[in-house]
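Both complexes below contain subunit A, partnered by subunit B and then by subunit C.
Presenting the complex of A and B:
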């Protein structure tokens, strides 16, 4: 399948990545090559095959609900790009005063 | 104690020297810091080395030992840690601009285990950004050079860890392996590297790339060192829901190199397209193993041609989901001066991620998106089942499988950077072990005619690290040790 510039543009929106026109052209060409190659999997007869999203043996793991220490506000403040009065600051997301 | 000798000691020799008071932890770390000062800039294998902290930690270790309070017999030995493994208070960048100044508030379990045994954090090693790459050229902190030839790549993505051990800038190192990221650079840099069974080492605190494939493993100058370091970080961890509680039966004292009667499979498919020199060298070693009593058998792993397609669909899909967390809100890089939350997300990610990371996020988002999911992602998951079954069948017949680690020795810097597909193909022999969750090790078997190291890969059944380490040890005994001229 050819991954044209429109597909790249649409996928980039989903991935929340801005791409320049040059990057879109480059990715379109490279991803078309990669997808063309990975389509080799269509040769596999998988009609009766169960998909493996893991190697198996994975089960829910529960832990006791005990009180423990957590990451302190000071640490969060040092990690956050912008921090004020105990809150991480982000651009306004609701219009109004 | 001449510094040169310290640099060549194995972990158990360093431990013996420390325990018998012949040498101090400060002397050991100073010797490695000396190498780092002389060659660190040239090889670029580290992103962060805090010399004052290393010496201070070494001094504390010496004080503990003098007071009879050594945390273990390895207390005071410095270890390099790949920069995608969280170290509390020491920045962990994943070689990405987006985490350039990220200082983790907690330790990864693997590193916490090392710390509890008194190992010293020597530095954080350079890597491909978010472990996405096979050459360590995709780092925000610059390309890593191969210690055997600085015009060549060290392999990747754990290229910094492999180069550091190879160039004697650390006695041993932790890395991570999602599709060969320990074994391929180990082969390119002439060191031993092991990826354990999925679930053997906790992934808590390992920055996620492809969660169903990622595993932490070790690099050593020899098989015993790799085994020792791996056994030190292995074990059940309730903080990782995929962690498995199994006996750790592969500490160096269990690794004898005895392969008498052991059934070893050789799959022809893994030699297709392989360099003549590597094929010949492996043939020679296999013949010696046969003479040593191993039962060598031809086997078939017929799905190898589908491993790269299956892997790149699954790994990029998981990556696109895992890397959604980097949005500029809570930690890491934030694009400055933007208004509007969508612009904040998009600009932060566009400016924070490098090209290969973007390429893989786009590929993964594509294969998970509506209309393509069944044809690509779901089909790949079914392909993965076939690859797993291929190995299940093989291990009904044999105890271990020997293949080359790579089809060729290290390639030139820049040689493949314009061709991502060609780069992806360089993982063809290592990827299947991750898809099947089985352990694999690469052991150096000598240099090719251009003076570059060649690696032999041994794969084993789930939780049979002991078997592959034993074969690795047997191979090591019939090979001349290799070491770069520094």
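Presenting the complex of A and C:
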């Protein structure tokens, strides 16, 4: 599968990454190479094989509904770029009219 | 106009577990912002989410109560999008293998039974909360991540509803069932029940669905009904004038009572779902599901049917009484205390429900079932009149005292001593010569007046039937 410039542009938008035209060309080549390498797997006959969602065969790992500890005071404040009145501050997002 | 609305609902119910779905943070409404969080729900690098057993069991129970098939194999997927209330930039949800498959519920609209299909029920985590109002500085929003990772069951209906009334009844039934099985508080104000509407119109008699509009920001069941009415009108008008319905998401404005198109910067959504490698599949056998099924209580529909047949109640009474499990229990306990079922129903639907906002709050109502059955029995054995009983009930609802105590304290016992009643009647007869003559001259309503005077004179304590009988005898 060829990862062309359009695909790169779309993925960049979804990932919120700004790319220059040169970068798009560069990544198009690199990603096409990687995908092309993995495409070899298409040569296998998988007609009778159930798609696997998960590897390893582990299932039903559950925890009990018991309250544990939460983060300490001030930890989130130190991680957030901006913090005020107990809240993380972000640029305003309003939907609708 | 000749259009038929096609309506489907997506309902999110918050499961009432003690902890979040994938971490051990407590789920509590109203805690200080950002305190109920940990590295897992904050999506910090290197953490491992693990499914809460209780959330899984409650989702299965909810599915069973909605007549859904329970999946032997289900898994979790990542739904990718960027939003400030979503710290990981993906929401853990279930895409193609949900925990519960197709089911249905029955609703009654205008006396007619309707079966509404359930497409699926799946588990997912909630996002955080964005705050725009209050003392938030201009150009900024606040983020509170306490809600992040709260367990949700998303219930998707088939596009089976045809009116706002049907959607309303569907929501009431979903809420009633979820509360019966105690998996959610279903409190719309606190956000533990949320609902989005999908609606399209098609020409009556045609099969093909029209272009679908999604309505969000619905903050009450009434808003759901109003938004559907508004959309039906808006879309009809567009179609009538030869226009085309645009597939879009619209927000309900509860102040202006209308929907508005969303001005979204986002292009068509591309969530790029893929299996979450951190979470292993859920594989359930019949034994496990059967074990949960055993915990299923009698559900509203079955209880209603039983109330109709066992207590010989009208369908309407049975419907009201079984709308909440607590209220149904209150009724049955009152009957067990010896009260006549229909009389108990009348008292509960009238006096009791008039005094509480939410039938689910019946457990904290001062008049306990034993006290209500005592009151009903006191009327039945002529200790007090129905009118005095209402006054006694008023007092019971305030003080929580038993009716016997109140009647004793206030001397409200009905007078059934004929000598005592006759004495009062004699006074009334001699004081109301005109009415007495009127009655003797054939004016029937004069009797009613005289009975009223006697009741007034006795402060409502005289037995009305006896007053009536003795008066007629004395006036002959």
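Rule of thumb we're sticking to: the second predicted complex is superposed on the first by the 91 of 97 C-alpha atoms of A that agree within 3 Å, B and C clash if a C-alpha of one lies under 4 Å from a C-alpha of the other, contacts with A are read in each partner's own complex, and residues count from 1 in each chain.
Everything below uses one rule, namely that contacts are C-beta pairs under 8 Å (C-beta built on N, C-alpha and C of every residue); 3 or more make two chains touch, one makes a residue touch a chain.
Since we're looking at a predicted model, the values are computed, not measured.
Trainee: Have a look at where A:18 lands relative to subunit B and subunit C in the superposition and call it first, second, both or neither.
Mentor: first
Trainee: Have a look at where A:27 lands relative to subunit B and subunit C in the superposition and call it first, second, both or neither.
Mentor: In the superposition, A:27 contacts subunit B only.
Trainee: State whether A:7 touches subunit B only (first), subunit C only (second), both chains, or neither.
Mentor: first
Trainee: Should A:87 be classified as contacting the first partner (subunit B), the second (subunit C), both, or neither?
Mentor: Touch status of A:87: second partner only.
Trainee: Look at A:53 in the shared chain and tell me whether it touches subunit B only, subunit C only, both, or neither; answer first, second, both or neither.
Mentor: A:53 sits against subunit B and subunit C alike.
Trainee: As a test of reading the superposition: which chain, subunit B or subunit C, is in touch with more residues of subunit A?
Mentor: Larger number of subunit A residues touched: B.
Trainee: For A:63, select first, second, both or neither according to whether it touches subunit B, subunit C, the two together, or no partner.
Mentor: both
Trainee: Pick out the shared contact residues on subunit A: the ones touching subunit B in one complex and subunit C in the other.
Mentor: After superposing on chain A, subunit A residues 14, 16, 53-54, 56, 58, 60-61, 63, 71, 76, 88, 90-93 contact both subunit B and subunit C.
Trainee: Which part of subunit A faces subunit C closely enough to touch in the complex?
Mentor: Interface residues on subunit A, with respect to subunit C: 13-14, 16, 53-54, 56, 58-71, 76, 84-97.
Trainee: Give every residue of subunit C touching subunit A within the complex, in rising order.
Mentor: Result: residues 17-19, 23-26, 32-39, 42, 50-56, 75, 80, 82-84, 97, 130-132, 135, 137-145, 217, 251, 253, 260-264, 267, 270, 272, 275, 277, 279-283 of subunit C touch subunit A.
Trainee: Tell me, which parts of subunit A touch subunit B in their complex?
Mentor: Result: residues 3, 7-8, 11-12, 14-19, 23, 27, 30-31, 33-35, 37-44, 46, 49-58, 60-61, 63, 71, 75-76, 78-82, 88, 90-93 of subunit A touch subunit B.
Trainee: List the residues on subunit B that touch subunit A in their complex, please.
Mentor: 102-103, 105-106, 198-199, 212, 238, 241-242, 244, 305-306, 308-310, 312-313, 320, 324, 327-334, 338-347, 349-350, 353, 355, 358-359, 361-363, 365-366, 369, 376, 378-386, 388, 420-421, 424, 436-437, 462
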